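Below is a structure I'd like to ask you about.
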């Protein structure tokens, strides 16, 4: 037991710097402007105010942003998981001639190497020409593009960890391959799916640049852009900013909590073995 | 229904896993594919199942060519070496799955599962998950999943090799009884010759993808068609010594070994310049005092299993083994005398490996 | 519904700078909507990205925005796209006289391209021009007069620094980019230098310019640590927390200094025109303008709106919210003067203000200059080297775009 | 009709080939449109003048663009620094949490939090924390009696880059940690006991067993991070805008500036192709490493 | 050196894996721990190795208590059931590892590896990786990694259970020979009674963590201390029938079974009201025509292994098995007659399970 003591000690040491900024954001979101910069810093004793939250939700359309972010992140994640899983399965289980599986997965990964800066302008034009400018759909599609390589790589790993016999057994028991996929394989990689989903959500939830360029009106803007809006020419609206930050973190955090059992177990299914 | 392989070949790139196999499994027969690892047993089974594409040749079920059908369409049941139970389903669900995919009615399924579970003494385990089962129990579930529907045939890939010695013996018996009472066609893969001999109606011995001998167990045991079969079947395997026949002395001779041969073998031996003499351990007589004509040896290891004792000993450069009653026992390096039972000698053409005659 | 295109676009979509100006226009728009039943939608964009965003939309004629709120230095670049609607023709129908002469000349000048006499592409909405903030209380305490020259500033700063434990003599925006350049310009001008000479050739290696930067660095030594990364918010924070005695600032902060919920120095801060040196002090103008992209599908409406928004009545409301007007009448309006003691000074500094160089290449130049000014302030380069290198780079820029 | 030759290993039957196509097509199409098309578009941009004439001038100009050179260099420093730190810390944490421990899940989840904070917020908050005068960091240090006069963080020419790296480390170490922890948990236990029996010390066990077996995981994690690091944008954009004095300017930032601030998409495109080339080279090299013997994949 | 367990107990929460074990392994002895799965064999081995903490009791190496030492301090060598080869090291590196961590000189290491590899016929495989080896080869590498240094003792956990029947037999012999020639102390875990009997100097039979009998193989086979040992050792196991002794008729009686008992057993039986009669399959005589006094049965399964045939048959409610010469063979459900060899009957107290006397 004494051996564990130092482990906990180290963990606390690690946790402090990790959580402190977050705690600070939380407090600032509750502090009135004067207190925000007080020296020495006010750790606990300050008059809490909800003004900033009121500001972002009533004076500004953060409710709208939040909703947009949720829709975009959720739909994009679902789509990416659907398409990515299918592709990953094919890559893992359907060996094509001349090593195509390997080439394909390499290419897929390579699409992640393209700096967004390269693609953002052409995509803007593309989106404009198909008349999707300033729609959530545009963001969703783009994000799906971001997530796919990630999803495919992860899921491919998971699928390869599932013993082929299980699928073969299902085939022998008389199910079609797709049915076997649904009944046998997917349930087995569910934790992996959950883990992958988290990462996808984070990607979509925090993306800034494309959200900025591809959206034009509040109707479809997402949280990060809205938050960035609180950095004005003259001042940073620390309170609103932090409040927004807190609001932005909550949903993802809750989801992470919900699936955290799967998180590590899922990943350790072996996806990360590359 | 009868299953027929006609000139079936399977290549993996360069590797020839199965070479021009022609083989017929009669309806209701329990045929065992026997061979060392890598000889192609599993491949044959998987090609029949439809899990592996055939490179050339045809497979027939009755009169129907099934070479290109999907596993579903062929309707065989398979028991995998690793059992391949669905980890996320309970025993009951595992058993029910083949029926579920066939869209049976819930109540029918329930009834059938109950009945099969009872037959395999799984009733008390129905709610458990595979990982909560012992090896033997898993094995029974896998079996149950196969027999719950009546498929055209059962394909079993080393179903017993993952459970412990004791259980294996018992399950082996149960399996044999089950097959008999169901009267189903069964294709059974194993590398354990004891299993093959005890279970099979007929055994097909394979090596490097080539069929070596097909016949009833005792035929295979007592009349091995070639050196490979002789060396592979039986435990400990048949003693094999290469040498030549000295017709003047009517005896087989090899370095520091001299064995008189009966007339039949002498005539047979005429065809071959170099021959290999074979004799099973139970036909080697061993004792502490030699009698005239007996040969000298030195004990390497002596293993007593209780009802019998296996003695492995050196005779000059040769390593031989003998099976003696459980009452006897020898020390390491002890000097012994031995002779072969002339009635049970085998001769093989050393060049071709074929049995003589 | 999850992701169909956004609900039917408002009849007027207005892209504004997130902040006080935006808020003001937002209110105005709401009012406009109520009066004329025209649905309006305000899109707030962070200042850091406002330019890119509007420009991309201009270049591609997306027609997403009917009214743009732009910072005046951007005007030449915007005009260069040829995607801006000239306002004269519209005036011709509505108010033949064109924009009334209540607008301050400098403010209208930046709405034209070429500067001063070119086409009118916008109307000035917010009359920002730099202002000098200083701590009256401390000045009195140390018997100092309001600074007339930068030399005075230096002296006062040293005195205060010596006297006060945790008050720095000066504070400025020296963060790379727009900030440091904006704070450098008044110095540059006061010391008699400029970025481009009369022929439009770079003149940053002039002795005057170097002297100006030297002095900026000297002020830096009197500023709080880390000022080299300061932006408006840090500067303001220092002022409002009372830890710095002087600085150049945009008027946007004036309301805050007397607001107890934001400031610890209520009533203690005085305002004056930008100090001079070789030349009289000159502030940089930083107006917020309202313009109409060609892409707009409601040019008439849009024009009506900006006329209305820049009308005295509306601009007063905006002024009430803390935005400096662009109309003389409002600067002289007693009510407002009562509210903002700084108005006389502001009016003066605005009238005497100068624009930053009027060229489509300004952003690129500003960036380069910003980099080297920042290098100097961060102590990586001496004043001379910094300016020489900036000079060279700007020369290249000009060469590349004849 | 019945599907033909469904096989899970070995080569494919017709039905499976069709299925493979069906399952791959959507993803591949999306990726095509989202990466290939823009790629060629930018390629054309980078080789044409605003008037549409073909030219290599942009690439010529890059050769003499010292600022871009600096930006690239700093991008690498940034990437390398962040990677090393994140890997080390992530590994330590993973090792720490890779044991039966009360409240382990709680710790794990808490350690994930930074990853969830939008980079925009993170950047701004750190700007506040770093502020030499009001900043929490110096503030705390001072109250602990330390002299922080020299500590300018993002404002110091020397400290700026390190400071932005620190922010990245703060935000993304959790990612490494998570992947590595997963990797650790998927390692077989026997080799460890075997090593103990063979008489290996704790350090020897780590050096000879854990690390080699974890290598593939490490490479994957590093690869994923690398790709993001090489194109870092919003954090720095908000934290320092590349300042002070260009000290934290990265390639992406510089490209963005040229393309959107100076409205020179052609040059921007050219620049980004240089970045792309470098990224590709680096990651291909990494992937080769990764493809090279991957012990954890070996079933023994 | 001698290894001694003194009142060693191991609990996992509620589960008692090993209960109050006292056991001494003499220097140079090959002692086998035999028992069904879950009986605590591995736990015992791991406690001795230092991989598992002891709940109570002490373990001694010679005179030195090692209960709380680290594995490396105890300096035992272990061969794991899964071999636990280092997947990322070549065979040579695997062999070298124990020496490397002891900071041997490179050339010494090289030499020693060469020599061990030669002894185990691994020379040609030195460059390979574990996954490129067959089961038997892996097994030899694991063994080599153990014998490359001379530790205080060898601990082997079912080293043969993962390799196929044929190879197992051969490796078993090699192991026995190796242990003899090295003269090392060896603690060997298996659940395969045949392995135990053939290998061991002494066998320790365990059940549910409790030591049942400790003795030489033949003692265990011919004089099982209790019902468990009787039922566990031998394959097929001893036939066991519960019933009582009819002293008037000097016979053992059970439902539809009646067996005359020799004098010795009768006296022994006086102590126990209910008894269990035990007889090994080889002591069951079986034939198609009954003789007076023989009992009737019906064949369940008949398995011929070649040199002998195992017949499992029903006698009323009882299931019995007999071992008959390989020349005989029976059909399913065939009617047979049988009797027990009176010289080899065992009696157990049905209540306590202890052998009588």
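Read from first to last, the chains carry the letters A, B, C, D and E; within each, the first residue is number 1.
Convention: a contact is a pair of C-beta atoms (placed from the backbone, for glycine too) under 8 Å apart; a residue touches a chain by one contact, two chains touch by 3 or more.
These numbers come from a predicted model, not from an experiment.
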item	value
Count of contact steps on the shortest path from chain C to chain D	1
Pair joined by the larger number of C-beta contacts - D-E, A-B	D-E
CA centroid of chain A to CA centroid of chain E, Å	56
Distance between the centres, which are taken as Cα means, of chain C and chain B, whole angstrom	92
Chain B and chain E: spacing of chain centres that average the CA atoms, whole Å	24
Distance between chain centroids, defined by C-alpha means - chain A, chain C (Å)	38
Per-residue multi-chain contacts in chain B, two or more chains	50-51, 70-72
Per-residue overlap in chain A, given as positions that touch at least 2 other chains	37, 39, 121, 125, 168, 171, 176, 228, 231, 236
Residue numbers of chain C (touch at least two other chains)	48, 52, 56, 237, 241
Chain D residues within the chain E interface of the complex	188, 190-191, 193-201, 204, 208-209, 212-213, 293, 295-296, 298-300
In the complex, chain A residues that touch chain B	163, 165-166, 168-176, 179, 183-184, 187-188
Partner chain A, residues of chain B touching it in the complex	49-51, 70-72, 75-78, 80, 82, 84-88, 97-98, 101-102, 145
Complex contact set, residues of chain C against chain D	48, 51-52, 55-56, 59, 77, 174-177, 224-230, 234, 237-238, 241, 243, 361, 363-364, 367, 370-372, 374-381, 400
For the chain E and chain B complex, residues of the former touching the latter	36-37, 134, 161, 164-166, 169, 172-173, 176-177, 180, 191-195, 197-199, 217-218, 221-222, 232-237, 280-282, 300-301, 303-307, 310, 312, 323, 326, 329, 332
